[in-house]
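Heads up, the thing below is written out as structure tokens.
As written, the chain order gives the labels A, B and C, with residue 1 at the start of each chain.
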């Protein structure tokens, strides 16, 4: 019989996830005087944020003084095809510089400009050099910086209370399986230690989800095993809603060979620093793929594109740096039309564009990654790259200012939150999203805790139910075949990749949905061997339920949106439709997370002063005539 | 291009354990971690291994392969011959949890004992100015992915459990060096490096540098410069005399 | 096996190491070279002869500078401030203390010595035989922190060696000349200078100790230069060890009349 012993902890705020958003939220909550826990599936400091390479977008204007929050806001909205939550995009553009500077006070060492300020680099979709960076390991720098800030806060607490963990405790290698509510509000979270398999209960009025994305539901992905959509699924089961789940970003440049590293990211910084995409005939094909909405903003000849790296005032940027969705689709088409590289990608060439030393200096980890994983010397040979599942724009529907979900006490920040990036995220906007909304989540949770008259309580029956559900994979089915979690996971990844991947069709999505129903049935019979101590088969079984539920949201929303926009491309509906721009697809589920429902909902219209930041001619490409009737440019006509 | 490879993998826990033999398929372009994953999916579903990014960026999958501390994800199968038996064991400096997973909490404990960055009090947000050449030394150390292979290979604690109390290990002595060389850090860390964090235990045999997957020159660029700074402060009568006479170095505090 | 990798709580395995590569090569070869040098130098400094080849003006670096009344005529380039030295005392003891001290406290030789002579450890992740270990935190090994003084000394000796080198261009018939010995001396001096300048203490002194390079552009340039040399410090250490032995052996052979110096001109 299962032993149901549960360690219990009381906190004011529990942050689930120890990536950039989680750590920033925890720092803020602790600075607001709240007893805070950080629960992480991995060791402290190993979060997926470390994989972010290119940089952190913030309009500090250190390299080009013309940059400001308004330009950043416009770029973000354009990148997201105007489907973004405009308030989030506004807060993000306004607050990013301060959040980056704050990191310096924690000890971060970004690359510098000649006059000693933070250097900024070019990136796809950003008008000016905007990305604060450290070589190509910016995410690592941010995680380490915030990790060390947390240690420094713990040292302060040690001085005051004689206990490092008095106010801020990290629970490494610990997975949350259930959120527990008291009535309609959050009351706690149920979790297990990955190493011992023992259970824990957090009694807390406020939970911040910062669990990242869902990439592990796809076969070719740049995401690590942690990205199983836990936060998305926990939110759904707690009664919160997800939006924009049909928008999944496929990063245009992932490694395609050798097979074991397929999907691992090749930073956009390669293109920002001069790398160009070529097909098997040696043609720089991106010039043929500039979409109408971007006509006039990108260089049309190789000569102009090459001039841009050094003189941005008199040249338009290279189409190699179009937003990620455009580049990913272009690569996809080239490969389909038979102009791909030997292993089914295209070539990314920096070797012929920069001296070897310069490449090694600017892109050290790319150099090592190819050298050590693929035995390719990027200073001498082109890389082979192809699209890889990278980021989900969709996530928990939140209030922009407080990051609160529709469930009181449940907050979300970072990739797990939806809205900020609309239908497509710009490179570099993720790291800044983490710190801007991570901080707001910590603040929002702390304010919420202060506003409570009574702390919610956890019912014992809920704890027992969560424990029983958690150990159920150890019960071998008395009749019928036991299912292997690894097999189901592999089948899920294959069908999501093939049927709900970068290019989608109605009948294929339908097939995927049928497959999901089948897998969900089979997942009920998943059974694992061994004990609860560090048992990866068991861990996967629990994660699998989350992946299945979230995949259903993705597929259902993808089926409903009959247009192509950003990270959602329908072969049967190839154009972008203005009437869809304002529609959010909202996903919810039943309490046990057995099925997902997706409904349409209109988005709140953009505040007028923000709308005025755009030229009418640009808005006309995205908005319907009715929506623009009140615009000052038209009202005068 | 695929063959059957022979593996010996340590399985067990803190009480008992030993090497188990496996024969597994190996394909072109694979790394040792791929093989471990294939074992999990086909022969040993509960084989415990810690991993994350599979791209040498997170430093989770540290283990020992043929006796050498390495990342499982960055060890390509092509460096071995097809008839070679490959031995994979957990890190041998830290307590084992299960199979290839060890308890690395020693490192997090040591991290807490290093005083944090002490920013200048007179600078506000956005007012930090640092030259690239001044941040480069510390930037090298900040490439560290905290795989703790250097801690694992360091004989000071690997071969002498009792030294764990007094020795922070190369990773965290390097952290002291990083802060010491940070252009805006206001703390003096030299004396502490020797007296509190055990810099004197290091006999610069460079194993930490040898195993570092990020190729950080831990010994030459962090540990030896720290030893020289300690020598400035503790073992150099000329500098001492100079400081007494001209009161130099007083601005450093 | 209760200590070290066999300590309670760690994964228990029968083998002390699973390394399959030839990890013994480095400690054995390095140990052999070091022991040979120690033996050679010991024998050589007690010889108290054959250090000066008068016709060719070659002075072996092991006896330079020769400062006592015991020195053979012509070998004292800096006079003889010291009285006659009894024959059982090596007359080059000052030179020996400085040079042996510089190498003995050198960060590279420390690594080489600890690995090959003290097996602490013999190779990475190979258990060392010692029961207790305190490294350089206690006497006597804490003395190794005096490296920089030997560096100052070695720097002076490097200048003296350069002076000796210039004199070695003395022609047999007066004026300028050059022999095989001159060439060997030049190579040796070059290696000694590289070894001395690439020293970690030197790197620290010229600029490494600064917190802000940008305020000291000149010292930053020195530091950058020394850092480049420093990356090969180990190589210079071993190469210069060999060139010193070869130089000394050659000059000894010429001075003793065993061979005749091959003259290139004059």
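Just so it is clear, a residue touches a chain if its C-beta (ideal position, glycine included) is under 8 Å from a C-beta of that chain, and two chains touch if they have at least 3 such contacts.
Keep in mind the model is a prediction, meaning the values are calculated, not measured.
Chain-to-chain contact here is organised linearly: an open path runs through the chains from one end to the other. Remark: the per-chain Cα centre closest to the mean position of all protein Cα atoms belongs to B.
Taking each chain's centre as the average of its CA atoms, subunit A and subunit C sit 57 Å apart. Put simply, the C-alpha centre of subunit B and that of subunit C have 32 angstrom between them. Centre-to-centre spacing of subunit A and subunit B amounts to 29 Å, using the average Cα coordinate of each chain.
Across the assembly, subunit A contributes no residue in contact with two or more other chains. In subunit B, the residues that reach two or more other chains under the touch definition are 131. Taken together, the subunit A residues at the contact with subunit B in this complex read 42-48, 50-51, 60, 97-98, 101-102, 104-107, 109, 111-112, 114-117, 119, 134-135, 137, 140-141, 144, 148-149, 151-152, 154-155, 158, 164, 172, 195, 224-226, 257-261, 264-265, 365, 368-369, 372-375, 484-486, 490, 528-531, 533-538.
Those residues of subunit C whose C-beta lies close enough to touch subunit B in the complex are 3-5, 7, 9-14, 17-21, 107, 110-111, 114-115, 120-121, 124-128, 130, 132-138, 141-142, 145-148, 200-201, 203-204, 208-209, 211-214, 220, 230-231. For subunit B in complex with subunit A, the residues that touch the partner chain are 13, 27-31, 34, 40-41, 45-60, 74, 76, 78, 97-99, 101, 103-104, 108, 111-112, 115-117, 119, 125-126, 128-132, 135, 138-139, 142-146, 179, 182, 185, 215. Contact residues on subunit B toward subunit C in their complex (touch as defined above): 10, 12, 14, 16-19, 64, 66-69, 84, 87, 89-90, 92-96, 102, 131, 133-134, 152-153, 155-156, 158-161, 163, 180-181, 183, 194, 198, 200-207, 210-211, 220, 224-225, 227-232, 234-236, 252.
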